[in-house]
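Next, two complexes with chain A in common: one pairs it with chain B, the other with chain C.
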Partner chain A sequence: MLELRAITAGYDRRTPVVRDVSLTVEPGEAVGLLGPSGCGKSTLARVAALLHRPDSGTLLLDGAPVRHWRHRAPREVRTAFGVVFQQPRLSADPRLRLDDLIAEPLRATGRREEAPDRVAELAATVGLTPDLLGRRPHEVSDGQLQRACLARALVLRPRLLVCDEMTSMLDASTAAALVAVVEDYRRSTGAGLLAVGHDRTLLRRWCDRTVHWDDIARAGGPNPRV
Partner chain B sequence: MTQRPVVLSVRGLSVRFRMPGGRVVAAVTDAHFDVAAGECLALIGESGCGKSVLASALLGLLPANAQTAGEARLGDLDLLTADERTLARTVRGRRIGLVPQSPAAHLTPVRTVRAQLAETVAALTGVRGRDALDTATRAAAARAAFPEDHLDRHPHELSGGLAQRAATALALVGDASLLVADEPTTGLDRDLVDRTVEELRRHVDAPDGTGAPGRALLMITHDLEAAERIADRIAVMYAGRIVELTDADTFFGSPGPRHPYSRGLLQALPDRAFTPIPGMPPELGALPDGCAFAARCAWATDACGAVPELTAAAACATAPVTTGGGLPTAAEALRTGAAPPPAAAVACHHPHMPEDIRA
Partner chain C sequence: MAEAAIERTWRSHGTRRRSTRTLRVRTSGALVALTVLAVLLVPPIVQLDQQAVDLAAKLQPPSWEHPFGTDDVGRDLLLRCVYGLRVSLLVGVAAALTATIVGTAVGALAGALGGWADRAVMRLVDTFSSVPHLLLGIFVVAMFRPGVWPVVVSVALTHWLSTARIVRAEVLSLRARPYIDAAVSGGASRWRVTVRHLLPAVAPQAALAAVLMVPHAMWHESALSFLGLGLPAHTASLGTLIQSARGSLLAGQWWPTLFPGLFIIIPTLALAGLAGAWRERINPRRRSELML
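Right after this comes the complex of A and B.
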């Protein structure tokens, strides 16, 4: 279970983009967070995935407060999260072959020997053929690269997935395929999900519950830009 | 719609990339379509299907290892054989306005919107003199609903929506009869998609003051919702080929599209079945023989071992309009180019039939 309590965060303390926002993802629950671009929902997603330290507020993982973010977070806390972003080209190391990209979190946590089996298994899950695994990001399409990024997010068997606009660059079929992979994974592991996006139809179809940014962000927060 | 003058006429357009090691990538194969004034044709398909390559071919922006065949006529000019000097001086910006995929990247980061717009106005129109140029620049911004009080901002100070409008304003300066929009809504949230699409539609419908019946718009997109909102006609691209060409109303409404891939794409939408098409498209450098969709198609039969030709979609008409596999020769392209492409066509051996026709 993930609890965000009164989170304030941003890139400049004087003008935080997230102000006093609270949000809970119950065990096994899929929560959709809907909001316009520029509203701060992606920053909140980064806080929730321990990638961005908030200015204030509390984050509880299964009841225990998290005190460190990014590389300073303890390994067992960090590995509880799997994250997928909107733009695979910005989040994938362009030098890595897809199989190394997927295995990267295993290497980083000293579980290198699990890589061959786990990568093969996940490649099949996300629909990547063996010949694609040997290619580098510039040699595959956006859809194929996003499949690899989802496989990487699942490689450590996270208890929580954070998907920030995971499908908004993708065609309808690839989008539906990746959502199906996430849902199969959640069904078999009971993992929770925070799906952030702007597509109401998608989030309502995908998630157990969808909250709108305006309803959780305190009035007086940043106005969505034109 | 059909009486409107045709602005862009594409016949037998193919693009091949020569790769190291002698590999050939068939990015676009034998595309036929027209876009008329006042009409929007949405070219839809997944990333890597060849649709952006097709747009680059029209703009003369293909890399050096590309080879083209067929023709793409804009008035009396064949865009595929025109030299770079002609394209740069008289086509891009003047006869074809490009609305780019990521406007923020398309704009020059260190210069204000006003400076970029003024430069484009000076380059593409006859306007001279400071005051006249200033007036024309503000008018150009207004055409794309770009707010005047933001003209002195730099691109990074603009929201996604305003950057898109700035890029659209630049694309409209030359009063081009053809607009090409390459994924204009990618990364925008739904409200912005709606607004961008409405604005583009306004430019399609709005006569430019010369009495012309509006502009032609070719919109390349993977966003079916955006396509539904703006397009008059839909062209579906799969593995480098246009596999279906039809009215937008027919496509999104009833009886719906006829090609199994088109039907699968629609069924993947979250407000429909939300089920993906199984598998992935083939590599453009290693296309299978026969129908490229066969490995994913529930209707495939032995007949699908032969490439299906794009045929008029009327229930009993089966007039082929394409030359089938391989890179067609210029002569072939010209021969097939004699007949205009049908308004509705599908490339499939077993296209979906509405129940009443099948009965």
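Right after this comes the complex of A and C.
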């Protein structure tokens, strides 16, 4: 269970992007967060995945307050989150082949020996053929790369998935396939999901509950600095 | 008709530019290859003593026997120049490598840690660069006995700053990429993020900075030796050659200064030309400013 309480965050203390936002993801629940572009959804998603330290507010993971972000967060807390970003090109190290990309979290956490089996299993799950696994990011399409990024997010079996506009760069069939992969994973593990996006129809069909940015952010008009 | 003419001008312009560029690259490449071959092959093949003194043949102008003439104690200048280039090139490469390693380490440290560590390190870099670096270099060599390694240390210690800046800036911009976020979320330690994701990404920039620094370091070696602080006077380096030839220049003997001077200018320009072409390939937006 993930609880965000009165989170204020941004890149400059004087003009926070996210002001006083509260949001809860119950265990196993899929929450869709809708909002216009530039409102701060992605920043909130990064805060939720412990990738950006908020200026104020509390984040509770399974009831325990989180005090450290990024590298300072204990490894088992950090890896409880699987993150998928909007742009696969920017979220894949251009030097790593797709199989290394997927195996990287296992290697980083000292579970190198599990890598070959787990990569093969996940590649089949997300629909990547073995010849694609030997290629580098510039040799595959956006959709294929996003499949690899989703596989990387699932490789450590996270308890919570944070998908920040995961499907907005993809065509409809790839988007549907990736959503299906996420749903299969959630059914088998009971993981929670925070899906951020601006596609109302998709999020409504995908998630148990959708919330609109205006309903969780403190009233005060749109942020002047987007 | 008009379109064809436009296309023709455009194409001829394009080919002309490309041909000058390949000409530059080829000339530079040939000169660098020639330099490297000369310093590697000439000493073992000719087996002549570059220190052999022949007072009867002192200060002879260029001739078939001594193509570059002789110096004030009758040593053959062509041989001295090749040996001098050897020393200068060794100092240049060693200093550039050391400076790049130090600079990359410092820059990556500052960029990867960020926050107050970054600020502290960069203020240190600013402090170092506020002192004229030749002065600092002179200060460093003056602490040691003349020799090759003090010169390498002096040049390296004064030249890691620009590499540190380049690497830090590059690391800072990379650090904000989502793939670093993904690595953090995947449990990677700071060290692993730096070594696995950040350093390989800045390696081409750092290697380019190293190559661009070789000619600069050679100039510094020559400058220090010319000032009499670098290499001992009997070691032939391009700087010591010019330094010892200063007196004879005033007496009208031009060859002992001209040829070592050319040996400094030509290989360094050729190296800089090659490095510049490489930079255009990896980063076409920044065409100007050679680091000489």
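Simple rule for what comes next: the second predicted complex is superposed on the first by the 220 of 226 C-alpha atoms of A that agree within 3 Å, B and C clash if a C-alpha of one lies under 4 Å from a C-alpha of the other, contacts with A are read in each partner's own complex, and residues count from 1 in each chain.
Note that contacts are C-beta pairs under 8 Å (C-beta built on N, C-alpha and C of every residue); 3 or more make two chains touch, one makes a residue touch a chain.
Because the structure is a prediction, the values reported are computed rather than measured.
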Touching partner for A:F85 - first (chain B), second (chain C), both, neither: second
Contacts of A:S173 with chain B and chain C, given as first, second, both or neither: first
Partner chain in contact with A:D142 - chain B first, chain C second, else both or neither: first
Contacts of A:D199 with chain B and chain C, given as first, second, both or neither: first
First, second, both or neither for A:R67, with chain B first and chain C second: neither
Residues on chain A lying within both footprints (that of chain B and that of chain C): 87
Touching residues on chain B, where the partner in the complex is chain A: 45-48, 159-162, 186-192, 222, 224, 264-266, 268-271, 274-277, 279-280
Chain A - residues contacting chain C, complex: 46, 49-51, 70-71, 75, 78-79, 81-83, 85, 87, 90-95, 104-105, 108-109, 149, 152-153, 155-156
List of chain A residues in touch with chain B within their complex: 36-38, 86-87, 127, 129, 141-144, 168-177, 179-180, 198-202, 204-206, 225-226
Contact set on chain C toward chain A in their complex: 177-179, 181-190, 192-193, 196-197, 200-201
